[in-house]
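Two complexes are shown next, each including subunit A; its partner changes from subunit B in the first to subunit C in the second.
Right after this comes the complex of A and B.
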C-alpha cells in the first residue's frame, strides 16, 4: 500500500489542515446556493442508494475502470474501499482530498488542480465487475465467489453490431464520475488512481460531455451527436415508483448485499457520422421515429406527445415505422424500462479512415441487466433501423452496491 | 468535391431557411448579453487578425489537423477555404452551418447537434503547415513553395524531452477551435470535416479543458494539472504593444501574405503525475519557482509580485533557484516573449503502464517561432527543473494568416 494512502487513512493528511475547495464559499449549498456561486452545488454523498444514479445528469462524465493487481489480499481491497469512501465523501462535499500544503518534506495529499473550482455537483459512483468475483478461469480471487450476484453475467454478443475492444471493456472495479467541470472530474480520477497505487491499475477511462440524456423533469432534453433530442421518454430520477420498479435491487432479488444497489451497463457506441450525414432528413426521422427539430414523435406535434404506435397514414402505413428506434425501445413494445444516463464522446480521429471517432457513451441503470438491457438490446439487434449508423465498441457491466450511512463505506455489505 | 460542400457554396443550403442556433435569443450580444443567456456570447469573426489568438481563453479546446488528399488541385483548396470561411463566419456568429430541415430528400446541411446551445464564444483559427508548401521530398505540391515563410521551419528536436508521435504532429492545415461548450466545439469540427470531404482527411485532433493559462487581465489565473497557477506572467491579449512586438507578423517581416498573421506552436506535454505526486511540496515549489497555493514567486508574497531574480537567502542561495521554470522562462532571463494559450488534457490510460495520459496541450502564438518558442525551449531543454516531470509527445507548427474583411476569406492573401 502506498505511503499517501496510509497517511490518508490514519488522518495525518486526511483531516489536519484540510482546505475547502473554493475556500470562502459555502460548500453545503443546495440548488439555492448554486445561484450564489457557480460550481458550489453539492450532491449528498450518504444515503440508501449511491449518488450519481437518480441524480439529474451533470454536464461532464469521466468514467474509469480499474483492475486489481496480482498479490492483493481481500483486506487490501476493503481497506482501499474505505479510503475511497473517505475520498469521495470529501471531494463530493467540496473539500480537498487532504492537506495541500503539508509541513516538512512530505508530498501534498491533494495536488491542488481543483482548488478554487468548487464541487460542481460532483458524484462518484462505484461498481464491481464480474471478474472481481470469479476470474475467467473460475478462480475465486478474493473469497467473493459465493457472493457473485446471479444478475452479474457477461453481456452476450449482439452479432455484427459488436466491434468490442476488450481493453476498453469491463474491469474489476468501475467508477462513474460526473460533475459540471472537467477539471474537477479529472481531480477525482487522479486521486482515485493515486490512493489505489499498489492495489489497482487503471484499465480504461472515458470522457463524456452533454449529457446525451435528461434524467429529470427539471431538465430540458439535450441533443445527441446525431442531432436528435435524447431522453424525452427516459425515466426520471424523481419518479420513486419507477426507480423501485426498474432501477433499485429489492430485498427479494438477492443477494442481500446488493439490496438498494443497481446494475450499471456501459456501451461505447460509435456513430458512423459520415454515413449519417448522407442520410436524408426523412430517413433520419424514420430511423428514430421522431421529428429532428422539435423532438415530437412522427405521430404527434410536440416533444412530449405520447407515441401513437397505432397511427397510420392514408395508405395504412404506420406513421412510426415498425423498425423505428423509439417504437422498438418503447416499453409498450419491448416491455423493458431502464434509466439511461449516457454522455456524448469525441475521441479524436480513426487512424485508419481519418473519420471522427465519436458517438455516445451509453450508460443505463437497472435492477437486472438480463431482463432489461440485454433483453432490450436483443430485441433491437436485428431490426432497429438505427443499427445502420452505429457500432458498439466497448461493453461493461458493474454491480453498484447500495449507498452508505454516516459510518459506512462503499462495498461494506459485500466484504463484511 | 462533396455534394454538401457544393450546395453549401452555391447557397442552396447555406442561406435559405437557415436557423439561428439558440433560436429566439440574441446572437449579436457582447459580454453584456452573456448575462442575459448563458452561451449567447459571440466573438467577432472579421478583423485585421484572426480571432482566437488575443481572445480571452475560452473554457474548451478542440484542435484538429487535416492533410490534403492526393489529386487535389490548388483551386480545390482555395474553394475549400472559401467554404470554411462561410462556415466559420456563420457558426461563430450563432448561426447553423446551413439548412437543418431541407425539403425533399436532401440531407440536412447542419446536423443539429448544437441547436439551442448558442455560440458560447466560439472561435475558429486557421493555420497552414510547412507540408502544405513543400512535401518532405521537396515537391511543390500546390504551387505555393515560393510563398513558404522563412519562419515556417521544422521545429528541431529537444533531445530526450521529445517522445513525439508523428501521427499526432503537424499536418497540412490546423484549426484551433475554442469555446465554452464542448458540444459546440464538436459541431464545428464535425462540419469542417464534412465540408472538406474529398479534399482533406483528418490527421489528428486534441480535446482540452481548463484553460491552462489566462490571456486577459479580466481573468483569474487557472491551475494546470500540476496544481500550480499558470499564466500569471503571460502576455495579455489586451496589450496591443506587446501583441505588435511579440505576436503579429509585421509588414517588414515577410512574406507579405502573412502580414497581420502569427505562428502557432502546439506541443502535447504529458505530465508524469505519478512522479510529481511523490515530490515534496518544497521540490514542487522550487521546480516552478512559485508558491503552490497562492501562486506568488518564491521571492514574494502575492501572485502578481514581480519576480525578484536577485533575491538570496542568508546563505547566499537564490530564493528562486537557477533551474526554476519561472526564472528560465522569464523574459529577463530568456529574452523571449510569447502568448501562451494552452489547455489541460486527459486522454485516458497509458496501455502499457496503466498511468493517466494527461497533461498540457501547450499552444503559443508568436511572430517568429525560431527566435521565440524554439529559442526559449532550447534554453529550457537541458536545465529546466520541470523537465524531470514532463515529456513532449507531439509537436505542430502552423502559419496563421491574417484575418478577413467582410468580403474576404481565410488564406486569400496566400492563394491570390
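Right after this comes the complex of A and C.
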C-alpha cells in the first residue's frame, strides 16, 4: 500500500489518531479538490493529548534530548517552550519556521531545507526528564521540584543487559520528531536547536530509519532488524479504552499538570547481528516464539492468530517456549500493557569490533513506568531468550505533558 | 583566516581621496578623550565626567606595581578595558558612551579600586534632525577608531615579534607569537576585505600551495614543530612586516557601514566557532584561546560601535547582547591562568571546557546575527 493511500484510509477512519487531509494543508497542496500530494498530510497539533503517541507510526524518527544551560531562569524556559510551541504549530501544519527570504540583512528565520517537501505527517512530541525537576544532588533547579511526578523515577538497572552510555541517556527535555520524510524531520530538529541557543545545549540525538512496530490496525506489521514481525500484539492507537487504561495519565494519578499526558521510555537496544546471523532458523524462531516468514505464533498458522500459550507438542513441550520473547512480553504472562512505538536504527560501524552498530530504538508510552515498562523489563531481564542477542546502550524517561489548546503552549500546566 | 571571500568591500582606489578626508574629520575629531592614571591606590581620578558619544580612554600606569588594568563597567558588565598596562606603560580603548552612570574599576587598588564615571548629554542633541545618519556616522567613527588602534598595535607588536625571529631567539619568538597576532584577529573581517592579504598573513598549512605559504602560521610551524629559526624563517618574518605595512595603509581606505560592522562581528564569532573552539587555528602553538579572545574583542567593539543604534531601536536585543558578551568574556577569563597572565594551552582544555565555551559562543551568535538588520 502506498503511503498516501494508507494515510487516507487512516484519516477516513475518523479515529482518535485520524490524520487531517484538507484544510490544514490546503496552502501546500494546490487547488481545493485536487488529490492530496504525497507529503502533504498533516497531523493536528492541538488536542487533549500531544500528537505522536497514538498517531499511526510514520516512517522516520529523529529523537533529540537537550540539557538546560547553567544560569537559565524559569522564565527563560517557559519563554522557550512558547517559542517551540509556535514553531511546532507551524511546522506540523506545513508552514515554514519563519521568513525564508528576509530583507535588510537579517539571516533567514527558516533555513529552507524542507521547502517543497510538505509536512509529511510531522509530529513533535515534547517531554521533561527528571533532571529538569531535581538535580542529582537533590537541588530544585527551577522551582519545579514540588511538581515532580512520583512516576518520574530513574529507571533501575537491569543488570548485565545494561551497557548504558550516560551521555546518550536521559536529559532535561526530550523531543520525539516523527514524519515520513527524513529531511522534514531534520528540519524540525535543526530549528528546535537553533531557537534554543543560550537556553539549552543538545545532549544526544537518535535517528530511526523505519518503524519497528505499528500502532494502528490500518498498518501492516513492520519487521525489526532481526527479520521478525514485531508488535503484532501491540496496542492500537485507535483503541481509546486501551489508551485510557494503559497510556494516558488520569486525573486520579496525579500530579494535576500531567493529566492527559503520558510517560515516554526510550531504550537504545543494540542488536548483535553477527551473533544472530549464526543462529539457526529454529533457534531464531524459538527465541521470539513466532515464525519468521509470516509472523504467526509457533502455536498458530497466521500472524494475527492469538497466542496459545498452553499449546504443547506431543511430547508435552510448550510450542511457544517458556523463555520465548513473545510469551514473556504478552500481557497474559506479564500483566503489562504498553504502547510501543520504536524505530530501527543504524549508527555506522562499531569502531572497536567493526560490527554494525544497529538495532532498535525502543520507545514505549505508558501511564506509569514503574508498573509498566520497568515491571515488564524486570521480568524479561532474567529469562528472555532474546537477551543473548541484545544490549541496552541507552536509557531515557520523559514525562510527556498533555496536549495544547488553541491558546496554549507545551508545558503550560507545569510552568503556570 | 577564512577560506571564503568576504562581503565587506574595500574602497576602490578612485575614492581614496574622499575616504581620506572623511576619516580625518570623522574618527579622531568627534572622539572625546578621557585621561586616566593607574596608581597603587587604584583609578585616578576616582570620579570622571564626560559627554555621551565616542570616547577614548587614555590610560597610563604611573608606577603602580599591583594594578595593571582599567575597566569601565555598566553594572557588572565590562564595556571596555585596558589590560596589562604595567608600570610606565600606557594603553587606551574607545567606547561609545550613553548618558548615565558607570563604574570604573582598577582591580587591586588599595583605595579607589572602584570609581564613578558620569556621562552627561552628548554634544549632538538626540532631537536634532537626521539623528539616524548621525548615529550611524558615530558608529562608523567609533569602529574606525578601534580598527586604527588595533592596526597601530599590530604594527608595534608584530615588529617586536619579527625582530625576535630575526635575532634567532626561538623561545622569545614563541613567547611573543600570540600577542603579535592578537590585534590582527580582532580586526580580521576588515583585513579580509583586501583579497590576497589575509592568505598572505594568516593562511594555515594546506590553505595555499606549500611553496606559497607565508605569514603567522608558517612561522609558527618553524618555531614549534621545527624548533629552529633558519634563514627561511627570517625571510618569512620580513615578509610579514611588509604585508602588515600594506594592510595598515589599506585599512585607512576601507569604507564602512554599520551593517557591515555588525556582519564583521558575526564573522568573528563564526571564526571562533569554526576554528578556535576546535583548536585548528593555532595547531602548533595551541595559543587558540588568545585568538579566541581577540575575535570576541573585535566582535564586542563592533557591537559597542553600533550599540547606541540598537539600544534605540531594539533595546531587548541590546540587553541580550550585553549579557551574552559578558557571559563569554567572563568564562574566557577563567582560562587566563598561564604564565604572566596568558591563556592556558588549548590542549589543557577538557571536553567539558570546550563544550561550555561553545555553548556560550552559540548563545551570543544568535542575537548577534540580528544586529545587521537592526542597524541598517
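Before moving on, here are some points about what is shown:
In this text, the second predicted complex is superposed on the first by the 382 of 416 C-alpha atoms of A that agree within 3 Å, B and C clash if a C-alpha of one lies under 4 Å from a C-alpha of the other, contacts with A are read in each partner's own complex, and residues count from 1 in each chain.
Definition applied: a residue touches a chain if its C-beta (ideal position, glycine included) is under 8 Å from a C-beta of that chain, and two chains touch if they have at least 3 such contacts.
This is a predicted model, so every value here is computed, not measured.
In the overlay built on the shared chain, the residue A:292 is in contact with subunit B alone; subunit C does not reach it.
Between subunit B and subunit C, the partner in contact with more residues of subunit A is B. In the superposed model, A:71 lies in contact with subunit C only, and not with subunit B.
In the superposition on chain A, contact is made by A:107 with both subunit B and subunit C. Of the two partner chains placed by the overlay, subunit B and subunit C both lie in contact with A:194. In the superposition on chain A, contact of A:348 is made with subunit B only, not with subunit C.
Shared-chain residue A:150: touches no atom of subunit B or subunit C. Judged by the touch definition given at the top, the superposed model places A:322 against neither subunit B nor subunit C.
By the touch criterion stated above, A:135 is placed in contact with neither subunit B nor subunit C. In the superposition on the C-alpha atoms of chain A, the part of subunit A touched by subunit B in one complex and by subunit C in the other spans residues 102, 104-107, 194, 197, 201. For subunit C in complex with subunit A, the touching residues are 259, 262-263, 320, 324, 327, 355, 359, 362-367, 369-370, 372-373, 376.
Residues 4, 62, 64, 100-102, 104-108, 110-116, 167, 182-183, 186, 189-190, 193-194, 197, 201-207, 209-210, 220, 223-228, 273-274, 276-282, 284, 292-293, 344, 346, 348-349, 351, 354-356, 358 of subunit B are the ones touching subunit A in the complex. Considering their complex, residues 69, 71, 102, 104-107, 194, 197-199, 201 of subunit A touch subunit C.
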